[in-house]
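Below you'll find the structures, each written out as structure tokens.
In what comes next, chain A is part of two complexes: it sits with chain B in the first one and with chain C in the second one.
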Partner chain A sequence: MNSLRSWLARRLLLGLAQTVAVVLLVFALTEALPGDAAVALAGDDPDPRRIEQIRAAMDLDRPALERLADWTGGLLHGDFGTSLASGRPVADYLSAGFGPTLLLAALTVALLVPISVGLGVLAARREGGALDRLISSVTLGVYAVPEFAFGVLLVTVFALRLDWLPPTAVGYGTDLLAHPAVLVLPVLVLLSRPVCSISRLVRAGMIDALAAPYAAQARRYGVSGARVCYAHALPNAVAPAAQQLARTVDWLLCGVIVVEALFIIPGLGTVLIDAVAARDVPVVQGLAVIFGLLAVVLNLAADLVAHRFAPRTGVAA
Partner chain B sequence: MTASAHPDRAFPALRRRGFLAAGAAAGLGTLALTGCGGGTEDAGAAGGDGKPRRGGRLRAAFAGGGAAETLDPHLSNLFADAARAKALYDKLADCGADMSAKPRLAASWEPGPRLDRWKITLREATFHDGKPVTAEDVLYSYRRIADPRKTYRAKASLEPIDLRASRALDARTVEFRLKRPTAEFPNVLAAFGAYVIPRDTERFDRPVGSGPFRFVSFAPGRSCTVRRYDDYWDGAPYLDELRFVIANEESARINALLGGQIEYAHELNPATARAHENRGQIAIVRLRNSAMQAFAMKTDRAPFDDPRVRQAFFLIADRQELVDGALSGAGEIGNDLFGKGYQYYAADLPQRAQDLDRARHLLKQAGAEDLRVTLDTSEVAAGFTEAAGIFRDQAAKAGVTVKVRSGSKDTYWSDVLNSGTLCCYRSGAMPIESHISQRLLTDSSTNATHWRHRDFDAQYQQAQSTKDPRARAGVYERMQRRLHAEGGFLVWGFADWIVGTAKKVAGVRSGAPANTLDWARFDKVWLR
Partner chain C sequence: MNPTDPRTPAAPTLPRASTPPEPTPGAPRRRRPSPGRFALGLLVLAPPLLLALFGPLFAGDPGERGVSFTAGDGHWLGTDFVGRDVWRQVLLGGHSVVLVALSATLLSYVVALPIGLTAALTRRGWLEEVLMRPLDVLLAVPSLLLVLLVAAVYSPGTLGLVLLVALVNIPDAARMVRASAAEAASRPAVEALRMQGESWWRIAVGYVGRATRRTLVADAGVRLTGVLYLVATAAFLGVGVAPDAADWAVMVDRNRTGLFLQPWAVVVPALLIVGLSMGTNLLFDAALAPRADRRARTRPPTRRRLVRLIRPRAGAPDEARPVSAQRSTRPAEGEEKRR
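Up next is the complex of A and B:
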């Protein structure tokens, strides 16, 4: 137990360091992008005098390190700073976009686990059979389709042709839960690729586990096939899938950017795209902190899950 | 899908009309109401619209600026900003279909004998809180825009006005004193972002304007709802309610329109328009002559400091191929001049066509055989990268090697202003005079071709000091003749601006380029 606690502490510290590194990297990269917020704001009217004035008004004429130090100082007090483009607090941007994105992500993960594990187990139990081949080829096929194309396809078929579902979430505001029909297509698009990758991992893990000596031993003791499968093999098969699930979350972010644009959902992905286009560094940094922390926490949770299901693989990290 | 002749036929009439209106302004002293009705009756609505009907809600989708959006009309920058500002506020004047200024809040304008004093008489209009629009409101608004500590976009346009010396003669008369004679002063009143706000307004969380719609709600980057203002001076709008929604992806806008979630989708791709035109589901409205498409040559550096090289490049371009390829045919060809169909456009100059032999000959004369140039482009505007690729192939036929370099779209305009030698260029609609003053004078703020000639500057000043509109048109023609012969803009086309509407929407004007009075104007639109 003690070793678990020190492992946890080490992981938390490491996670914190990773988040700091992410923030510094994002700041450096955004600084390295050609042009700054003043140039982006000036757009197709690049009057140099005007750009210079905008730059001064935004305090962009101060050295980068000074701005970073200011921003970090504020962050330690829970202050994310203010947007360059609008002068409004970055925290407002984040809280406004958080709801829709969290809803999408939570729904996706909540459906992802049962669907992908179910499909994986099903395929593994019928290894080599028609069902296995069907599941394997469909998951491989869908996995190969980019989210954007898949989304356009779904909208065309289910919203425009069949008229079953609304094509976009435009006009519903942030209260998407009140209009569940709006969420069906976006969640389907988000699920498409992770379901494929995780179900294939579960399938592979299950096949390995079912062929392992301990499963054969259990069977020899007269333990029922279902029990071997769900109580002995599945936990071992789920461990790698759980870690993949955590990794899926940062990937979910990319998916969210595409899905939010395609379905007009005003979430964090949209905030991120707008902020990068406007070179709105404080907003980009705020998002980097949120995403960094999220990734660290989720990876930690995944390691804990793996540790719980398959202790022998865990603590090495 | 070549451009049909209809808008062309419509334009000469309009041009003449604008011309006469300007003549009345300078010659007789007042413009009064002549031009005012012009925008509403002659521009031609899409389809047979029948009798206007009152009521209903229209939802219009635009690309937006995210959570940084504001309703401060002086900060307008994007099309979405301009459309919202137009619903809530008024300018003193706005651009008609031929880019000549049409009076809006100004009922009339009257220049002094030397064209450096202009008396503006305001219409009897009220703000949404019931207070009248006064000369003091106008002066407050213009002084706010011109504030030296701020960076409002219209500041450069208002530069000719000496706002300290300008004053209110009475509640509804403003006298503008100018720093120099400005015959085209009404263009200043129509400048992008020069909206009139009530005196002492500093906050815009509940904006009060004099426009056709009253503010209801606003969520930056998402939506803005406005309702009919019954006391609007130009007649109350037909719609009860108007809702602007933000959808940055074109595919999302067209899907929402097809799915019945919105009734108006701004800015569609030519390919989308072609796919849905005449299919009966939605109506496609093409706003002709909305965006000049060009290659800008830096005239102050090699190889383009030699006019023969510029002329050779003019002759290399196969304009129809560029329009068909880069604009998917949604546009018409250009003649190396800005403002086709606009007031003062030199329409009589012969249309230039591809002539590779002469181009090669000119290059040889200039000692520029085996010429290599880099063409800057970017994803910043539709068709840019395609145009660059097509032109590269056309140039190869004349023995010129063009290397296409693609840059960041967020900073493109600033990047190409002073660096490089050749770049893709685009411009929205504006009066030809504004194009010249912003881009072609020695001290112009965005002179992308580095066209700096004292005699050309002098011609511009001459035009601005010429009271007789016919004589002024003559000066503009001489200037355009020179630009056509040896300017830095290879203007190969003019793109349509494409809007999609639901079938039940009526009264959407098609005759006016983007950014003019009738573009994104919802007070004359109704639902069948």
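Up next is the complex of A and C:
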């Protein structure tokens, strides 16, 4: 109990440090790097008036520490500042893009777990067979492929050649749930990498678990093969995969950005890419903080879940 | 220990201090050195890699710009969004992806090696903390986000992209170096070298560096796959490349508007990128798995064993960091006893 508590305390402390680091890093990379940020932001259009305008809008004349304090103070109150490009509050941008992104992410995670566990168990039960080799090779191969290349090929085949699905989400508005056909390809692309990695982990864990002495003992007692597999081996095999889910969160955040750019879905990723292109720093900062904190929190949550599944791993770690 | 474990940066297994990393003696040995997969990887990787390395030699003159998005008409693969010959762009476009990925991987190790080695070999706990703890915290930030963040303010060129991608990979690489070096540094041989009064340099490079060589090569292969992914994705999003650059990822992005008219301008570069990343992963998996496994029972630690033993969760920020620094490497046995 004691070790659990100290583990928990350490983990929460790390999460807190990461939260602070994300905020500091976002600020440092965008505003506090050496050189004049206003000149850099004006970019290809080094018009003195524009530079002056940016400097005034971002309060660049004040010391960096003061700006940092103001900005973090605002963040604590949910105030993300105002956009350089439009003058609208950054929070508006965030709430506008939130729905589609959440929908994509939720659908992906909901499908991810059953598909990857199913594939992993299937491969493990037929270990060494043709099906296992097929699943292993395909997951190993697809695992490394960037989403945009995979997605473009899917669009070419399923939207252009076969004309089964729409190629992009243009013209469907933000209510994507009303048009499920639009979501098929994006979710498929988002699933491609996480499914591969998690199913490979489940497979490896299942093979280890099925070969373990306790599985053999259960069989000797006459417990049926299916029960050994699903009731005894699977929970042990899933624990490593549960921790891998946290890693997947990072991919999903990256994947969402790419997939939204590819399928032109009006979510947070599109907002981010547009803001990067327009050098709209306050919007980029706000989104980066949101994405970064999401990654920290989900990592933390996944660790706690994994700890619940297999407490010994936490103790061992 | 299963030879077909995912051996990719994001496919770790848990450290299991409670179960020995070696399989139980009675368990059937599953060892499948797969020549088939090696050949498959080579087959998939060869066309894009050859094109990337030697394509620019055969590209020839730019020729005149034709009409955008036409098929045929003297152009083998048609024309792209500004009327350039797609085949010529394909020949030119692999160079940057491969070069940036290779140099970024190399650079990340150039920085990570000294950090990791110092952290593993130092006797001063605080030095290790100072070196490694900031990296742990950095691991939480999604890599693509960091790249985009910098791109929002500065326009990184090719060199900037190399630096950025290397920077993103340093924390994880340093952790890997530290983990494998800590294992080697705890061996009696290092103790003996120390007592003989050998120099730090000789111990670090001459013994520990050599002992961890294999692990690090395997890890570098895995990292290269991840770097390829990041470089291509960044280029697709327009970071670190000119908007009309001859780059496969940029071609996919820019020619998407003409997908209905001229799919080849998108499909060919996309297929090449798929081949490049898929082939690299398959090849490294096949090339490194059997040898690494053979060595698993002798002294040099293999990457996979380390991943199990030391690394709490490869590539990710994690719960184990606070302890793993001291505990999971050296007194691993002690912990087992305590259970």
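Here, the second predicted complex is superposed on the first by the 272 of 317 C-alpha atoms of A that agree within 3 Å, B and C clash if a C-alpha of one lies under 4 Å from a C-alpha of the other, contacts with A are read in each partner's own complex, and residues count from 1 in each chain.
By definition in this document, a residue touches a chain if its C-beta (ideal position, glycine included) is under 8 Å from a C-beta of that chain, and two chains touch if they have at least 3 such contacts.
These numbers were taken from a predicted model, which means no experiment stands behind them.
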Touching partner for A:Leu65 - first (chain B), second (chain C), both, neither: neither
First (chain B), second (chain C), both or neither touched by A:Ala277: both
Residue contacts on chain A - larger count, chain B or chain C: C
Partner chain in contact with A:Gln53 - chain B first, chain C second, else both or neither: first
A:Val155 touches, of chain B and chain C: first, second, both or neither? both
Partner chain(s) touched by A:Leu4 [first = chain B, second = chain C, both, neither]: neither
Touched partner set for A:Ala181, first chain B, second chain C, both or neither: neither
Touched partner set for A:Val145, first chain B, second chain C, both or neither: second
Which superposed partner A:Leu102 touches (first chain B, second chain C, both, neither): neither
Contacts of A:Pro166 with chain B and chain C, given as first, second, both or neither: first
Chain C-contacting residues of chain A that also contact chain B: 33, 40-41, 43, 152, 155, 160, 167, 261-262, 273, 275, 277, 279-280
Chain A - residues contacting chain C, complex: 7, 10-11, 13-14, 17-18, 21-22, 25-26, 29-31, 33, 37, 40-41, 43, 127-128, 136-137, 140-150, 152-153, 155-156, 160, 167, 197, 200-201, 204-205, 207-208, 211-213, 239-240, 243-244, 246-248, 250-251, 253-254, 257-258, 261-262, 272-273, 275-277, 279-281, 284, 288, 291-292, 295-296, 299, 303, 307, 310, 312-317
Residue ranges of chain B in contact with chain A within the complex: 59, 61, 65-70, 77, 149-151, 153, 155-156, 219-223, 243, 245-249, 251-252, 255-256, 258-259, 261-262, 407-408, 410-411, 413-415, 417-418, 426, 428, 445-446
List of chain C residues in touch with chain A within their complex: 2, 4-6, 8, 10-18, 23-24, 26-28, 30, 32, 37, 40, 44, 136-138, 140-146, 148-155, 225, 228-229, 232-233, 236-238, 249, 252-253, 256, 259-260, 263, 266-267, 270-271, 273-274, 277-278, 280-282, 285, 312-324, 328, 335, 339
Contact set on chain A toward chain B in their complex: 33-35, 39-51, 53-54, 57, 83, 85-86, 88, 92-93, 96-97, 152, 155, 159-160, 163, 166-168, 170-171, 173, 261-264, 266, 270-271, 273-275, 277-280
